[in-house]
Each structure stands twice: as structure tokens, then as C-alpha cells.
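Below is one structure, written out as C-alpha cells, with a few remarks after it.
The first chain written gets the first letter, and so on, giving A, B, C and D; residue counts start at 1 in each chain.
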């Protein structure tokens, strides 16, 4: 299998789907002629033209709403937010229109749209540009949320998201765009709602998604080598729908859980998973449920300090050790 | 003590603070000449005039941002959202400007603003008008969130919020506006971050806030009368800051927890509290941590069905019974 | 305030009005009456506590939706805000499904899930019914975008209120529509108030709201909503412009609502005078004006009018009977119509957990 | 593109320019040079990897911030977007605190917490530095509101880019400013591009962006940013208008940026030609134009220029040394400057849990 970047994997997903289905189009700030602020859409405007790959003014609310309207009519918009942080100027369109119109119409309407872009801290772009709204969005029944960690997952989940008939909020990561991995050529899908066990283990379950999966894997290796503790690393891949079964199975095996995410802690995704486990697997637990999240402060600019804000292998390991 | 409504209690808080401090002003859609869509600001425009009580066009983003700017300059805006649901068109101003500007300026700025209005389901106004964003807002370090359940709490917390030097997002409830309770005349404050034990009990801790407190109290009475189970009912009052100590003390006493909120479940406030307890009071627990939340669907219009969506005493009791 | 001059002769002679057959003219009157009688019934039963939430009546504005619907070509798409009963009936939704929706019944157009603010009929090119002020405007843009994308020779009709114009997303949408040549007619129903706030207190304008379009290089005009011929002529020209040149247009229709903002609005005689309301009813009522016109044209007789109105009243009354007799939605339906894939029980819908509370 | 006609004689004779002393004129030149030299140093060390995130250079636009700052009366308040170094230096922030901020150091103006996009100096009436496009615009409205509320005889200067104009909140703010008579001057720095998108591709306009103000009953005008006298005269008139009549004004300043949108923008010679950039540098560079003017007026000599520029370069170089020598913020500082009450250790700050992660 070719070794390609996360960025390229997404790019392939778009070109597959643009080719396969005329109703798919890409839209967003600088996605076309500029090739995307992070080059995720590189070459697509040249190849598919201005009808299918569309640059927008800086009007997120309007073009997100446009996407919803076009999707109601049966098109399949893939709308880029240059950063998911900018979703907040169009939040109403996402929550109320994409999220509620199906229900309020008694099922007469569906909104087959993908809203995508990076959602991550860690790049010194400051508090307003480093939001991770997966928890805020996944709070809304009607919306789906996907956070891929690897190039392989990114491509397969993106194709599945574009083909999904509901709105999928797809959260990428600028720190992952350059990562490489093996990715099949051509089309394949990874179903939403299926977690992936990225590392088998027996002593503790690390539950993570997005970039935190890689941090968790790193921590797991060290834990094995230095402490002889075998951590299972589960990648949620999709936040909503959520693969609770895989999580519960792992907990039933390891009896110890550490949740790792780059979300802010208060009502973050790991809070939801912790609550779920405390309800559904309580009797399996041999220790408290612990979490390693982004430090609970706005994203700081200063480079060395921002590194401390996101989960690190060290923080994971020291937390994990308290459970034994 | 006079028996007054929750609505009137808030109204008194405003008139106390408008009188006490010239830098306080109220602003929002229909708050002045119309007396407020829910009459919470009744009489204030007449009494304090157009400089202090200000009607706005339907431009939430702009007048929320205006509030932030004015607060940076030392004024103390109390900005009404006719419904908290409408916050989503001004979400960026709340999260990025009110929430982050202090941090990004290295502490040169603070934003002493109150953003207030009702945030509740249960009145058949449909999915887009029934949001409860306390979890979404409290996710942001830099913002505070308050959800009073009683007239007494509403007044004391509102005065404290107006005097607070950070942005407080104050969430009321149209279903509570007409409720009455004893409220002292004149000025008093209830500190943010102090939960209130609304009912003492020994067998199980019910943790709730806002209207769910009243539902929990109802359920507790029935549980006592019909099942001889003594439930302690704790009202968080403020979501952020959070009084973890009172919660943990209660759990250490009862060893059983049921969380009740009208928030949507996925990453809702009760998820955060459950996660906190599963971490910090794990060894005190004799049973799984359970939650009773709004049903996980958009708010439905149909009157009898919407009643089923919010926590009911029946749902609370049947969940509670599974813990014994 | 709008002027009292009657619909001009000229405009009645516009080709689109000449092509308007007597039958169609009567049909337009019938639609307006149906809307009014429907809403009067709704009001009655709302006041009896049979409905929840808000009830925003369209009474006084009926000409606007009816004129627009009378011009839809089978490819055009319509979308509006929460004051949506008139548009719904005008595009052909039945009184029964609409009334049942108000009653929160399973037979309602949205199965009782949407209520008054959320009527939809995609099969009739009607996309709601939206409760967040101006939230529907970029959706309208999306309808126009899809028409152009699919090369369908229609336009989008996107209604909004005078208060809605001050939501930022409207300006964004005007810019996009003009920049991208989208076939859309934005229709401001300027009834003078947004809740209790008069236009002067909500909007800084030079002469009129519609003029803001000029800053976006977009055509605009202002129309008297009581003048049915004028309305139709201007709407027609604008819709044709949108359909054929793909250039958007912004129209401002001067109209008026007789009731409060919603029925819960107990203040509505405080922020405007009783005389103002009476004056409008007397001189500008769109139904009276159109009736008068048709009587003058001798297309309509008093007895025809009576029977049309009688039929509308009966239909409205029957819709209440239908609604009352209809069942409530099943509690299980709380969890349907959220995710398409779940509803279809497709593989995507069956994979992973989609809902995170107990099901009851 | 802007015209090449030089600053007119007339405008140089405007009272505000006649009152502009030779010293002040030289000071204005010095400010522009300081900004340019500061940013050239910043660029150099950004490229060496000493800074994180984005670096949006103001080079090419210096006249705008400097002209505006030269007119501030001690009561006026300024706010801008993320391209904020020029404004910061123009209002009197030191190169050291600004450079240290870019380096992410504790001695930075925001203690290393804000970075390039977030410079603030409330004591100098400077309210940032904001990263969300147009997010600062309603804050500017709030500054003007507070001035009026407190009856302070100043105005707010609210800067935004040409791309920012299409954010809805800008239209909302124009409406509010005009409706409520707020003393604010909105200043569009139209450098022709928002990232890689030219004005034509982002904005549907009739003649210019500023004209959109007309729809809000607001005065507007368009100014050539290379003409310092014209800039000052128009800004002065607008600011006086705002201060004395409380009427807002919208100005559009034609200007240009030499570098990419940010330094990460590797594309910036793709969406515009090298000739376009050169043409501007040759004929419109605001520093050259002003230098030329002052040389002609014989206020400036070549040797003075050399020494001013030399001093600016030295100051910039020294600021780098200061920044490099400064300490990183302490890890503990991650949790300060979030809540005022916590920072003060007030009773409110000590009550309840404010933070929900481990502290490290």
C-alpha cells in the first residue's frame, strides 16, 4: 500500500467522491485557487473546476447555511472551515439548521453535508484559533462527529462521511496533516460508529481519539518497556455515533480506564465516556476512572508552554501509574 | 420575608444594581419599552430611562460584542438574550471575546458582563428555541455559568453575578419565572461556586440544578413516602465555578448518586459531574453512577410528548430504585 | 406608512397580470380567504389552550405569500420564517395537516414535531418555516445554489421580516447571492414592527430597507403589499430576472399584521395605536382591496364571495375537527426523524450508539 | 488599484495638516520607519523558527495606523484585527514588549499568552489585536458606546480588512452605530486581498466597499492610503464628526501589503503578479511618499532620514536582543489571567472549583 500523508489521504477521498458523484462539491475559504490554507484540497480546483470546488468570502454563517440549503435539495456539500474554531460565527447554522431541520420537518428533510476542517491546539495560533468543538457539536442529536487519527482512517471515514445521509462534522488536525501511513488506492469506507483497537493490551484501557491516540500509543510503549504494564489503546474514530461496545469490552478485560483527549475537560468527550463507563461498567472497575485532557486554560501562545497544555506521554504515564 | 416570583426576584436584583452602580446597564431585544418578552425587566425602563435600559435590534452578535467592548472599558453590561438559544448567532462573541480576551491580553483586560435569559425546554417552542447551553458555555475556561432554581437563589446569584468581575452566563427558565418563594427585600448576594443542599438525606445523593432541582425534590418526597429511601438533593446553583466539595461530601455520606439535569446527555453537565465523582469518590461508591437527563432528541413540539422529554419524578424514581 | 393610492391601471395591464385568468384571480382571493379563516380558527383554539408554544398570525399580510405562490413555475423554491402558515397554504399544503400540526398531532405536516413555526412541504417546493430570525436566509441561498448547480430553470423565494434584515447573515447572503449570480428573490415582508420595535427603532436606513441591496450591486424595489397587481408584476419581473439572468433581487413589501407579534404578545396595542391598526384594516386590507378590485372587474359577485368565504370557513372548521380527532404521536416517535440513517435502519444507522439517554 | 496622483496641495492646507508641526511630521515618518524595521526583524527571526503561529506583516500599510494614531486625542480608543503590530507601535507600545510577545516570552505585552495577533495596551487606549475576522468590530462598537455612556469626548477607531467587511457582524455593527449615534470611525484597510482572494472575488459592490454605509444612513469616503495628508485630513474630519455629532463614519483606505497574508502564505505571488507588487512599491509606498513629501517641504534632509532610519533599525535589533534574553513564562502562568477574581484571590476567586484538569 502506498505511504501517503493524512493530508493526501483526505485529498484522495475528495477526488474519489467528486469523480463518483456529481452532487458532491467542495466549498470554503481558499479551498479552490489557493489549494486550501493547509493544502488539503490541492489540485482539486484545477481538476474539477469552479463549479465543484468553490472559494468563498469570509462569511461562514452564510456559506454553512448555503450548504444546508443545498443539501436539503439533494446536493452533497463538503464545506470547509479553515479552522473549526471559526464555526462559532456560524454556530447557529450548524446546530439549528443542520442539526434540527430533519426533526422539525418530521423527517421530510435530511441534510447530507460534511463540515470539515482542522480542530486542534498545539500550533501557537492562540486561544481563538485552537478550539476543539467535538464535544459541543456531538451534544446535538442530529449531528455526527468524526475525528480521525491516521491517514488510513482519514480517507475511509471521509468517504463514508460524504456518503452518509446525515450531517457529519469532520474534525481534522493541522499537526496530523503531514503524518504518513499506508493508505489503499481507490475507494474504501470505514463505517462511523466503529472504534479501532490501535494496540492490544491487558492491564489498562487507554481510550482516545484524534491526535491523542498517537500520544496514547507512545505512552503505552513506554509503559510496557519501563513498567511492564500492558495498555490497550482504543481509538474512538467517531464520537457520535459512538462504539460503546468496544469500549465496554475492553474495560471488562482490563478493569482500569484512562481517558485521553485534547478536548477541554469541562463536559469534554472524555467526561461523557467516563460517565458512560461509570454507569455501564461500574462492576468491572478496579480503580477510579481517570482522564488526561488539555489543561483547563485557553490555548496559550508561548511555544514551550503550549506543549504542556496538551496531553503528553509523561502525563499519561504518571496518571496511569496511580491506577496500579 | 415577602413571597415573590422568580421573575420579580430578578427584577429586584436589576433595580438594586441599577440604583447602586451607574456603570450597570441592561440591554437586549424588547427589554425596555416592551418590559421584556417575559416581563423580567418590567418597569425598569420607565424608572431608569433609555440610557440604562436599552432595546436592541435583532443583532445578537453585535450587541453581545458591544457588551464585551463596553465591559472592557469598565461598564457592567447585563445583556439579555430573549432565549439562550439565540446565543448561537453570537456564539463567537461569547466564547472568543468574552471568554478569551483576558487571557490573550495577559490579564490586562477583564470583562465584567452578565449575559442572561431563559435556557430551557418544556414549553413547546420547538427544537431551535429549547436549547440548554450551560454545558457548552461552561466548557470554556474564562466564563462562568449560573443556573438558579428558586426565587431566593435567582436574586442573590444575580446580584453576585453583576458584581463579579468576570463574564457570568446566567441561565433562567421560563417555566420558573412564575414560581414564588421567600425573598428578602433589599440587597444580598449568594456566592458563585457554592452548592445548596435543598434536602438532607442519607441513602442517595440527587445532584441537580435549575428546574431539575424541583423535579428531584418531588421525586425525593415520593421516594421517602413510598419506598422509605432518604434522598439528599443538592442544587449546584453555579455550574462553573463548581462546588465539588459539597458533592463529594454528600457522596461520602450516601454512597449512591443519581444526577439529574435537563441538559442533553452527550457531554452534558451531569456527564462532567459523573466523571468527577468516578475519579474522586470512586471508593465511596456502592453502585453505578446514573443519570436522568433530557431525552436525547431535539425538543419536540407536541405538548404531551415534550413532557416526556424532560426528567420526570417517575423517571428519577425508577432509576433511583435500580441502585438499591 | 404605505400610501392609499389604489393599484394603478398600468400595473394591471402588465403582461403577467393580463395573462392572469379570471379563474386564477378568484383562486388568489380564495387562497387569501383560506389563510385568514384558517388562522382565525387557529387563534380560537390556541386561546382555548389546544396548542403549545407560539402562534404568529399572518393575518393582514396574506397577499404577499399568495401573490408569490401564484407565480411559482414548478421549479421555484420557497422558504420563510416562523410566520409561515400563509406561505404553507398558498403553496398548497392542506389545512388539515397544518391544523393538526398546530394541535401537535401525529397527522400534522411535521408529525407534531415542528409546531406553528415549522411547516414544511418539500414536495411542494416549500422548505419551511424557521424559528431563528433570519436563520432561513442562507438556506434560501442554498436552494438557489442548488437550482443553478442542477441547471433547473427556477428561482428561490426567500422571505424575511423587517426586523430580520438586521441579522448579519442577511448581509452575508446578499453579498454571496450577488457575487455568485444566484437565482434568488429576497422578499422582506415589512410589516413595520419586529415584535414591539418599530422599524425606526430597529433599522438605520436612508429611505428604505431594500436600498441596502445597492451596496451589494443588487437590484431592489419597494412594493405596496395591498396592491395585488403591483405585487404580482414586481414579483414576476424579479423572479424572471433571477431565473433568466441569475441575478438576485431584493424586494421590500409594505404590509401589516393585525394581531400581536404572537398571540402571547399582550402589548401589541401599546407599541402602536388602535387607530393605526384600524386605519390599515379600513384602507389597506389586502383581501378587501383585492375583493374590491375583482368586484370592479366584475369577475366576482357578492354571492360568489360569500360562497368562497363560506367554503374557506367550513374547510377551516373541518380541519379543526380533523386535528382534534387525530392521535398524538407515539412516545417512540421522539427518537425518529433525527438521523436519516437510523430511520432507514441502514447499515450506517445500525452501527454504533446514536442516542445517549434512556429511550423513555 | 489606487491612483498615482500625489497628495494634493489643497489637502496639505487642511487646518489639521497646517497645525501639524514639522516635529510631528518627522515623528510620523519615524513611526512608519519603526514599524517597518520592527517587522523586518520579526520576519527574520520568524524565519529562524523563533516564533510560533502566524505572522501577519503590516509592511506597505504603515501610513494608516500612523495617521490615525497621530490624531488620537487622549480620549479616543483604537481596536484592530490580527495585523496589529503597526497599530501597537503607533499608539506607543514599545518594540521590546512587542518583540518579546512574538518570541512568546514572559516580558511580552501579553506575557507570551497572545502572540502576534493579540497585542493590547489599554493604558494607551489600544484594545488589540483580534484573531477572528471581524470579531473585533462589535467590540469597537462597545468602546464607542462606553465613551458616549461616560460622556467622554472621544471616538473609537475600529479597523478591519476588506475581507472582513463580508462578515455579518459588520453589517449589524454599522446598523447599531448609526441607529444609536455612536462615536465610531470604522476604517477598512483595503489592501485588495483577503488571503488569496481579491476584492472582486470576495465582495459584490457597486463602486466601493465603503458605499455599503449608505444603506445604513452613514457617511463614508474612500481615501488613498499613500497620501498622508489626505489620510489625516479625512480621518480628522471623520473623527471630529464622530466626537462632536456622535455620528459614525465608514472610511475605506486603499492600501497594499507587500508580503503574503501571513509569512506561512507561500502562495502570495500566485494570486497577484510580481509586477503588481513592484508597481505599488515603486509608486505608492507610504514611507517613500511621505519621505518625498517631507524632503520637498525641506523639513527632512537625507542625513536626518538616515539617522531616523538607523535609530529605528537599532531599536528593532535591540528589541530582539531583549526578547531573546527574556525568560519564558512560568508553567504556572498557564492558569493565571483566566478569571480576574481568581487572579485577585478575591473571595469570589477562592470559592468553588474554577479549573477542571490537573494543574500540570
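Operating definition for what follows: contacts are C-beta pairs under 8 Å (C-beta built on N, C-alpha and C of every residue); 3 or more make two chains touch, one makes a residue touch a chain.
Values in this document were obtained by computation on a predicted structure and should not be read as measured data.
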Which chain lies the greatest distance away from chain B when centres are computed from Cα atoms alone? D
Of B-D and B-C, pair with higher C-beta contact tally: B-D
Using mean C-alpha positions as chain centres, tell me how far chain A is from chain D in Å, no decimals. 36
Euclidean distance of C-alpha centroids - chain B vs chain D, Å: 39
The distance between the C-alpha centres of chain C and chain D, rounded to whole Å, is 45
For chain D, jot down the residues that touch at least 2 other chains. 110, 112-114, 118, 130-132, 135, 166-169, 172, 175, 179, 201-203, 338, 355-356
Contacts with two or more other chains occur in chain B at residues 57, 59, 61-62, 85, 88-89, 92, 96, 103-104, 126, 128, 141-142, 240, 265-266, 272, 296-298, 300-301
Using the touch rule from the top, collect the residues of chain C that touch chain A in their complex. 77, 79, 108-114, 118, 120-122, 127-132, 135, 137-147, 149-150, 168-169, 172-173, 175-176, 179, 336-341, 343-344, 346-348, 351-356
Name, in rising order, each residue of chain A that touches chain D in their complex. 29-30, 33-35, 37, 55, 57-59, 61-62, 85-86, 88-89, 123-126, 128-129, 265-266, 292-298, 300-306, 308-309, 315, 319
Chain A contacts chain B in the complex at 61, 85, 88-89, 91-92, 95-96, 99-100, 103-104, 126-128, 131, 135-136, 138-142, 240, 264-272, 274-275, 277-280, 282-283, 285, 287-291, 296-298, 300-301
Which of the residues in chain D come into contact with chain C in the complex? 166-172, 174-175, 177-179, 201-206, 211-218
Residue ranges of chain C touching chain B (in the complex, touch as defined): 51-54, 101, 104-105, 110, 112-115, 117-118, 130-135, 163-164, 166-169, 194-197, 201-203, 267, 270-271, 328-329, 331, 333-335, 338, 355-360
